[in-house]
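Below: a set of structures, written as structure tokens.
Look at the two complexes coming up: subunit A is in both, with subunit B in one and subunit C in the other.
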Partner chain A sequence: MGLLPQILANTLITASLYAIFTIGFNLLLGAVKFFNIAFGGAILAGGYGFFLLYKILNFPLAVAFAGGILLSSLFCLLSYHLIFAPLRARKSKNFVLLIASFGLLIVAQSLVAIFFSSSFQPLAKNLETLTYTLGGARFNIIQLVTFLVALTLSIITFATLKWSRFGKAVRAIKDDEEVAELSGINTKKIIGALFFVSGIFAGVGIILFGLDTGVDPSLGLTFILGIVAAVIVGGMGSITGGILGAVIIAFFQNLAIWQFSGDWRDVVVFSILIIVLIFRPQGLMGERAI
Partner chain B sequence: MNKTATWMVVIVVVVLGLVLLNKSPEKETGPIKIGFMGPFTGDLANIGKNAQAAVQIAEEEINAGGGILGRTLEVVYEDDQCTGAPAANAVSKLINTDKVVAILGATCSGATLAAAPVAEAAGIPMLSYCSTAPAVSDAGDYIFRNVPSDNFQATFGANYLVGKGLKNVALVYIKNDWGLGLKDALKSALAAAGGTLVAEESYDPTSKDLRSQMTKVRDATPDAVYFVGYTDGTIAGLKQAKELGVTAPLFGADAWDDSKIWSSLGSVGEGAMYTLVGTNSSDEFKQKMQAKLGAPDLIYCSNYAYDGLKILAKSIERAGATDGEKVKDALYKTEYAGGVSSDEIKFDANGDPTDANYSIKLIKGGVATEMVE
Partner chain C sequence: MDYFFQIFTLAVIYAIPTIGLNLIMGRTKMLSLAQTSFLGVGAYAVAIFSGHFHINFFIAALLGIALSAVISFFLGIILSKLSEDYYFLGTLGFVMIFYNIVRNWDSFTGGAYGIAGIPRPEIFGFYINTVFFYFIFSLIVCGLVYWIALFLEKSSFGRVLNAIRDDEEALKIFGYKTHHYKLIVFVIGSSMASIAGSLFAGYITYIDPGPLFVSVLFWAMIIIGGLGSLRGAVLGAIIVTLLPEIFRFIGFPAAIAGDMRGLLYGLAIVLLMLVRPKGILGNYKV
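Our next item is the complex of A and B:
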């Protein structure tokens, strides 16, 4: 049995998860033009909201899933109204917004550690999951679902941005927020909605990941690093670029472990990030692509 | 006399005064403080809290028996997060702020190795109840441990595997002081026992994705997998190994003696085995732990932590003083028997126990049970 099919499957599994995250992250980045590191906080809110509802309070899976996603969305929405909207109204520099969002992630991470302890928690109640074999590669049902969800969400997001009124408004804001506002678009409302929507992606991604593996408070920061790398490689604010970046990052992560060893994973990934920044700073797809 | 000279004199006087004030005779009536270090948060929080409960029991018993040198014993508990930098901070706080006379700790080899230079420099004896990395032997004159080095564990494990005909072994290990130490020990032990290493894969302590590593292990078709992991990585790694179709027996080390792993994994952990240093748990001690924790849970480090505090207390008693050097000398002359860890504890010149015996545990129905040959 060759290794290649399995390595490709592992790549696809990692890429699917990161694709879900980067769509949420990029939707916001395109509009507000700052790296919302607090997206990692939304990831934690979703993961631990689900953990609380499903494993501690024993709600049914579907209820806990919806509750977790709602929580991560509310986290994003509240962060917008309480922190980012006032700062933006004051015309704060993007650097200030970045620092504020970083602070918010650390606050969220510490709060989660206080209330849920910092130890690792698998989200599934039974770790024995259905596994399939396809062309020499093995994967489990949650990984399959993650792939299908990533695919569906990518298509829905692309179609919405391309053809709906909401999508056109979002693209107008991405091009130029002031011009969009002058042409009658309620930019504050749209940006608020984008914060909420980006939280949905954070919640969906982390719950699927947690059901397959588990959650701990350091995951917010861990995922943000990978997301930022994928977003920069693919093209900042570009949905398709983010997905491409996710696939590339996931591929090189797995390739590094396969060809060298686990230690080399981050060396390879972040070297690619630096190379892209030097030779193609706008990212592979460019920032203007959807 | 010029101004500079006058100021020099003033400074010297002030500094001398401060030093002398600090040296004011130690209060001989207050409690004797011993510091405890262990992970209360993070990967091995379960082990740290379990050991804390055992130390609290020992503390209560020592005080019920009249304390040490006629003074009460007070244990100061610090969280080292199982990591180097927090451990170095914890040990500094214990020595400089709490003025402990000895330290019981730490759990993780990485934490012990980071704290050891601080304790050594301050001349405060330190006794680890759970750090098994070979490097702890050379950590310093004031550094002791009552658990045996992984050199013994690796030899026992390698001999067991090869003896069972499982000669081709794949090694997966966590990249930290403990994992690296055990990896090296196992490689030489396996070679000495006549086995072959067919794969060698490492993972970052924070990583929960071991799929590519396990894919390579599967591809090497080993007779057995020796998986050196802490709690979190083990839960994720064993699940992924099973899903990827690794069918070889999974074999681990003492860190797998954490009930959280097996209760989380459920049926996925069935059949896994690990080596564990012997303990002497009496039913009485098990009951005390259950009363303290509210549930029956006893991790082997807790046996060593309980005995560790008693050994430190007895050494201070025999030294007749809380002076670090005298306590250290008394520790080297320890002959402690009848404890709940091993039959008898004596230290060699490295501060390591002179004797070690191991057993093998097998996971059956979600719990670790002693394997009967």
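Our next item is the complex of A and C:
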């Protein structure tokens, strides 16, 4: 097992996971222009929905996978209709939206901890998963799937944004919501759909992560912090920027784990975040990029 | 009666960082999560200087305030370029970095196990070690902090702060260096949190790296009480400290008590944003 190939492989795996999350997060951010911290709640809803269906109720893997994703999407959709749509209709400031979404994450985290306890729960059933070795790096089947899923989802997202009617509407809203509405786009419906779609990404990411390791209630916050760091490093609302940010964050995380220990991972991530905030607040790719 | 004083001592201690946060967030709209870290600076200053090096509690607390002022000064300069959302994320980054340093620097902070056996405050050979005396002691300190905040609010300095909240751009045109004002407020508000941290450490006599959850607590307090209202900050601190005590009487298992509190605070924040974003005593439109 080579050291450098392994670090690169680990970076690729972490980056794939964060790429899945940041695509979902950025799709929404581009349209609504506020940091939906409650995305961390959707991550918890997906992970624990899957846990309930697969580990407790013993549904087949495919059913549990679909169920978990549906649950995280519904979480996002409900949060839009019950909280964010009324607030946006009132033209609330970002300040209010941010506080509300932060509150919602705390609610989700507390609920999950109350019902499923705050201990760590592995999501996989049989622990002997297939492992592969490629060029001196070891990885398992779930990690390979995570990479392939991230790749597929990125391609689908780019294609949809570029060529479909829905994608054009999303880009129009991203440029200027009021103008989009004036030109006949049902912005409320599109934004509702974006909330739903961002939930799909949250669900897919956390279930894959949970199958590889496991879930606990603090993951919502942990992941949202990493996601926000990656999104800012890459450039707010830019899908390519988010993916780039995911790679950068993943690389430095794995570098920190190798150089120091896992304990200093978050320190490194947030130091990067603060450095980027100071020197290039618009992110590496800037806000205008797709 | 001891139970009554125990709860109210906590409420009074919590009112101090809330008053500070109200200056920072309610007056100049800087969304700071960093209060929890400065609370930590004050608490660890007492735990280390007073507990380990046997320096008097009050001197240790003053050292904590000085340290908080220095840290918040540099943090304030670093973050001064950022606007609302980014400011929030910058302070969040700081909190995570601070938390991880405290948690991992075992030899100095005791790591995840924390520091136990912190001595009670001692003044002229008299130890403040009963619940009642500690309550009175905290009340005096809180009163002082309240008075400082009130003084700032009534002064010309306070009027500039209100103007920053209402229209920072206009004020810049009039030649005010608004970022200087914001930096001063940030340092004052953060140092107040340090005072509360020292009081807290002397009261509980034990300190460990607390969760980010504590930041949410202060946010809940000023949002419930009302942004920009000094009395609202104190009211919010009392409500938020007393509310979870209801659960004690209902008799939830201790294992989920903390999460029930989180649920309650989270719900309160979300509902207030929907129903009354300016809080109970808030006097400015959010």
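Here is the rule we go by: the second predicted complex is superposed on the first by the 287 of 290 C-alpha atoms of A that agree within 3 Å, B and C clash if a C-alpha of one lies under 4 Å from a C-alpha of the other, contacts with A are read in each partner's own complex, and residues count from 1 in each chain.
Heads up, the rule we're going with is that a residue touches a chain if its C-beta (ideal position, glycine included) is under 8 Å from a C-beta of that chain, and two chains touch if they have at least 3 such contacts.
Fair warning: this is a prediction, and the values are worked out from it, not measured in the lab.
Colleague: Return first, second, both or neither, reflecting whether A:Leu225 touches subunit B, subunit C, both chains, or no partner chain.
Modeller: second
Colleague: Quick one: classify A:Ser118 as touching subunit B (first), subunit C (second), both or neither.
Modeller: After superposing on A, A:Ser118 lies in contact with both subunit B and subunit C.
Colleague: Quick check on the superposed pair: does A:Asp263 touch subunit B, subunit C, both, or neither? Answer first, second, both or neither.
Modeller: Touch partners of A:Asp263: subunit B and subunit C.
Colleague: See if subunit A has more residues touched by subunit B or by subunit C, and give me that chain.
Modeller: C
Colleague: Looking at the overlay, does A:Leu277 come into contact with subunit B only (first), subunit C only (second), both, or neither?
Modeller: second
Colleague: Which partner chains sit in contact with A:Ala150 here, subunit B, subunit C, both or neither? Use first/second/both/neither.
Modeller: neither
Colleague: Look at A:Ala202 in the shared chain and tell me whether it touches subunit B only, subunit C only, both, or neither; answer first, second, both or neither.
Modeller: neither
Colleague: Per the contact definition in the header, classify A:Val32: touching subunit B only (first), subunit C only (second), both, or neither.
Modeller: After superposing on A, A:Val32 lies clear of both subunit B and subunit C.
Colleague: Please indicate which partner A:Ile99 is in contact with in the superposed arrangement: first for subunit B, second for subunit C, both, or neither.
Modeller: Only subunit C; A:Ile99 stays clear of subunit B.
Colleague: Based on the A-chain superposition described above, do subunit B and subunit C contact any of the same residues on subunit A, and if so which?
Modeller: Shared contact residues on subunit A (touching subunit B in one complex, subunit C in the other): 113, 117-118, 263.
Colleague: Quick check: in the complex, which residue numbers of subunit A touch subunit C?
Modeller: Listed in rising order, the residues are 34-35, 83, 86-87, 92-96, 98-100, 102-111, 113-114, 117-118, 221, 225, 228-229, 232, 263-264, 266-267, 269-271, 273-274, 277-278, 281.
Colleague: Please give the residue numbers of subunit B that touch subunit A in the complex, ascending.
Modeller: 41-43, 45-46, 175, 201-204, 206-209, 211-213, 215-216, 218-219, 231-232, 235-236, 239, 242-245, 260, 264-268
Colleague: Which residues, counting only subunit C, touch subunit A once they are in their complex?
Modeller: Residues 29, 31, 78-79, 81-82, 84-86, 88-90, 92-94, 96-97, 100-101, 103-104, 212-213, 216, 219, 223, 255-256, 259-263, 265-270, 273-274, 277, 286.
Colleague: Provide the residue numbers of subunit A that touch subunit B in the complex, in ascending order.
Modeller: Subunit A reaches subunit B through residues 1-3, 6-7, 10, 13-14, 113, 117-120, 122, 126-129, 131, 133, 138-140, 213-214, 216, 218, 222, 254, 257-258, 261-263, 265.
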